[in-house]
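Before we start, here is the structure in question, set down as structure tokens.
The letters A, B and C name the chains in turn, as written, and every chain counts its residues from 1.
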Amino acid sequence: MTQVITCINCPVGCRMTVLLSDDGEFLSVTGNTCPRGASYARQECTLPKRVITAVIPVEGSRTPLSVKTSCPIPKAMIYQIMGKLSTLHLHTPVTSGQVIVRDILQTGADIIATRSIP
Amino acid sequence: MTIRNVDVLVIGAGPAGLAAAIAVREAGIQSLLVIDREKEPGGILRQCIHNGFGLHRFQEELTGPEYAQRDIDKAHELNIPIECSTMVLSVSAGRCVTCVSAAHGLQCIQAKAVILAMGCRERPRGALCTPGTRCAGIYSAGTAQRFVNLEGYMPGKRVVILGSGDIGLIMARRMTLQGAKVLACVEIMPFSSGLNRNIVQCLQDYGIPLLLSHTVTDIQGLNRLEGITVSEVDENRNPVPGTEKHFDCDTLLLSCGLIPENELSLGAGVILSSATSGAVVDETFETSVPGIFACGNVLHVHDLVDHVSEESYKAGLSAAAFVQDRQADCLYFSVRDGSGVRGTVPQKIHRNVNAPVTLMFRPAGVYRNSSVVVECGKTELCRKKAMIFTPGEMSLITLKPDMLTSLESDTLTVRIERN
Amino acid sequence: MKTKSDVLVIGAGITGCAVARELSGYNASVIVLEKENDLAEGATKANSGIVHAGYDAVPGSRKAVYNVRGASMYPDLCASLGLPYQQCGALVIALNEQDRQTVEMLRDRGEKNGVPGLRILEHNELLTLEPVMNPQVVCALYVPTSALISPYETAYAMADHAALNGVSFIFNQTVLSVQRNPDGLFSVRTPSGEYLSRVLVNCAGTSGALLHNQLSADKLEMVYRRGQYYLLDHEKKLPFTHTVFQCPSAMGKGVLVTPTVHGNLLLGPTAEDIDDPMDTATTAEGLQEVFRKAALTWPGISIRTNITNFSGVRAHLTTDDFIIGPCSDCPGFFEAIGIESPGLSSAPAIAKDLASMIADELGLQTKEKMIPYTVPALAFRDMSAEEKARAVARDPAYGNIVCRCETVTEAEIRAAIRRPVGARTIDGVKRRTRAGMGRCQGGFCLPRVADILSEETRIPLLEIKKGNGNSFILSGTVESFLKRGADCDDSEC
């Protein structure tokens, strides 16, 4: 099984072909021009992860709260996490850096406020 | 009208203005004021809630508000006064800045040095001359970003994005994550001016098609946008008849380029470059008007805020030096764009410069396996290889002072050469 | 719901507003019904903004008579309403010897129509006046009395003055049916009810023939003629200081290049006959045509500073002249139909005549005293430094600049909403204050203008519109969208 992906490490944007075993295990990569490409390809084809950011409403504030995950979370869980965020009920004040949700959906990532709302 | 005097006045409290002000204060200037038209400092970063800022400067990935907060905190630490909700109405060549605010009324601030850090604005639909109706639902990507990230409102449900600049790509993801459906991102050029990372993480992750060499050729909807027509373009960017595709959408976001906001600069008599639409500056970031400096996106449009901060810090140091009367010689090299190069900044370099000078420019196209070369007549001063140059990424090359000694000609040329 | 009045005016464009203002000087109840949600939403907001001197219309035609009379009324009218009026003069250029004959013919016509000061200028003189003009120009008709105004601002001021003197303006009133009852009263049905009046006035613009044909056996045929434009940013020094016309054709005055009262440059219009009078879209072909034709006047044409493109639809009668006055076979029905160019120039004179005819018909008395129009405060951008300082001291809202490109303050936006016939939409604010009319086209100020509108009118932000119909600027809160996303099974929704 092969998968073609674009490297995101630099503007060259190498088109890399990744060879995977039938059970999805990383076997090899071609088309990369540097080792960073290879390690990105391995990660991206086995367990792609993303930092996600969003805004969520806060009672008592016109401006919504911007938040981020404290570390990349599995790409497949983005919508589940957004769904979870939509159920939160927040109140002022919030301080930048404050943990809004600890270990969201057992991903190991916290949801962190990225701005303060007094 | 209130009349005040300051040594250095910084116009704009975005990343450029804040970095410049911090430099001015660190250089020992006590009399310093920063003014900004928004209610809070931070500039456009306040609404850029995505991550990816600060990798060069802080070696970590911050969101826009977090990046801005670091500079705001630093400015507070240094007791730098920032007056917000204050709009500059004019800047004179004699550095008298007229501004107005509800809190202080009309003020005339006489400064020994002025740093222009007003940022840029987005190209609106009019600049594209896109035909069709003038309905609601057509916004610049930045306006939509403000609505979503700062106001908490969604401008639409079914979205097409015209232009694949980074703001457009980022908004494709923002709108999708916040619950809208993004149908396509349409780019008139055969390549995207956005970062690969954004194409992958903002479009591909969400299955949003990127239509290269396409543009919007009609806009429909009497009152609210109802649909658009997208056509393929030929190599001269003219629509190809018969290639029309229709999209039912209620929102069209435009991400078609940024224009430095230089109306105030023009009023002060600052000479602008037609390549950058920003001021012509020397390596100290001084414009053609003595004592007026420019930095950040008002000087030339950057893709990385890290570069904005670095450049603006240098501009701040120069403004401080100007006030402290450490003036440089007035003999210059002029810096010219050669083949493959657009909008090199600075456009002038003092002949007796004694610190390294970083030249910044935009490649005119995509060049693989090429080098950037700086020459003076037939003499090559320096050369830097890269696997790729693209218009989406600003290129930098640094000249050391010793490269600039005993040169015959007073013109430096920057060009890209295939290896 | 039934509403009765002495006079019912259909249409709140420049003609309807002018008629309403004239009628407000009489002791009569007057209602103006408008199908859109603001004044001046038809051709009044989308034309060249020129008070023509009157050399173009065929001598003896109503167009010629009303144009010359109307044009002579504008200087005083604008002064009394605090409106801009700039007599910049016009040139009708001849690009070859054949055009020279046309230019001479226009001069003769103009003189017959009573237009003062007409002269033919030759090549050298022209290039001194307008240095970037096509150097192939042979000669031109110089029209010193041609002037610039702001058409929609003129309509707003006239409507405000009318409203101050008791006229009601009712919006979103599409006429569903109209009839003259056996008792002589007119009955006009709209989605919100029935309006009864003794006199009905047709100022319905592109709907004028439709309205007429419902009440008269003498059917009219109207052609909808669209004109597309470019509007360029204002600059310290515009390339042209006069309104420059090319020689006219059967389709109209041709493509012109002109400054506007606000210091922008306007290029256009096209003249295309279209089927749908609401079709104010621009087209690639139309814009290319304007560019190509404007380049004949201005070979070095640059649209680099283009702010926006727009189009307006003129109400052209196949008889090629205005119809003004009582309808021949429907007593009490007064009309102003086919008010295309020079309709703006003619409007004050048309209104004067129609109002006096209506007063005669109803035996109306003039009011002893009209409430004078309060000229709005000078725009902040036009104030001197001292005036600006005083304005902010008096009202701190003058210190909040909302529109950066055109320097429009919060105080001015609030005032525009509080006018007698105030702004209710983003476009209404834009045209009354210029907020959003500049080079960024509202990119920065739209959210703020929407906030102020919502605050002043108590219309929830989500119901704020750009203009007419369903032109809502927002679709929902982030919260509602998040919930909507979470309730769906896949990412498709």
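Here is the rule we use: a residue touches a chain if its C-beta (ideal position, glycine included) is under 8 Å from a C-beta of that chain, and two chains touch if they have at least 3 such contacts.
All figures in this text were calculated on a predicted structure; none of them were measured in a lab.
S.K.: Report the pair of chains linked by the most C-beta pairs in contact.
M.R.: B-C
S.K.: Could you name the chain whose CA centroid falls nearest to the centroid of all protein CA atoms?
M.R.: B
S.K.: What whole-number Å value describes the gap between the mean CA coordinates of chain A and chain B?
M.R.: Roughly 27 Å separates the two chain centres.
S.K.: Measuring from the mean C-alpha position of chain B to the mean C-alpha position of chain C, what distance in angstrom results?
M.R.: Taking the mean C-alpha position of each chain, the two centres sit 38 Å apart.
S.K.: In angstrom, rounded to a whole number, how far apart do the mean CA points of chain A and chain C lie?
M.R.: Each chain reduced to its C-alpha mean, chain A and chain C end up 53 Å apart.
S.K.: Two or more other chains in contact with one residue: find those residues in chain A.
M.R.: 55, 57, 64, 82
S.K.: Among the residues of chain B, which ones contact at least 2 other chains?
M.R.: Those would be 148, 150-152, 178.
S.K.: At which residue positions does chain C touch at least two other chains?
M.R.: 477-479, 482, 485, 491
S.K.: Show which residues of chain B lie in contact with chain A when the two form their complex.
M.R.: Touching chain A: residues 46, 49-51, 61, 63, 65-66, 69, 148-152, 177-178, 195-197, 199-201, 204-205, 368, 387-388, 390, 392-393 of chain B.
S.K.: If you look only at chain A, which of its residues touch chain B in the complex?
M.R.: 5-13, 33, 50-55, 57, 62-64, 66, 68, 75, 78, 82, 96, 114-115
S.K.: Mind listing the chain B positions that touch chain C in their complex?
M.R.: Residues 1, 37, 85, 87, 89, 98, 100-106, 108, 121-122, 124-127, 129, 131-137, 139-140, 142-143, 146-148, 150-157, 176, 178-181, 206-207, 217-220, 222-224, 239, 250-251, 263.
S.K.: Which of the residues in chain C come into contact with chain A in the complex?
M.R.: So the residues of chain C touching chain A come out as 477-479, 482-483, 485-486, 491.
S.K.: Where on chain A does chain C make contact in their complex?
M.R.: Residue list for chain A touching chain C: 55-57, 64, 79, 82-83, 85-87.
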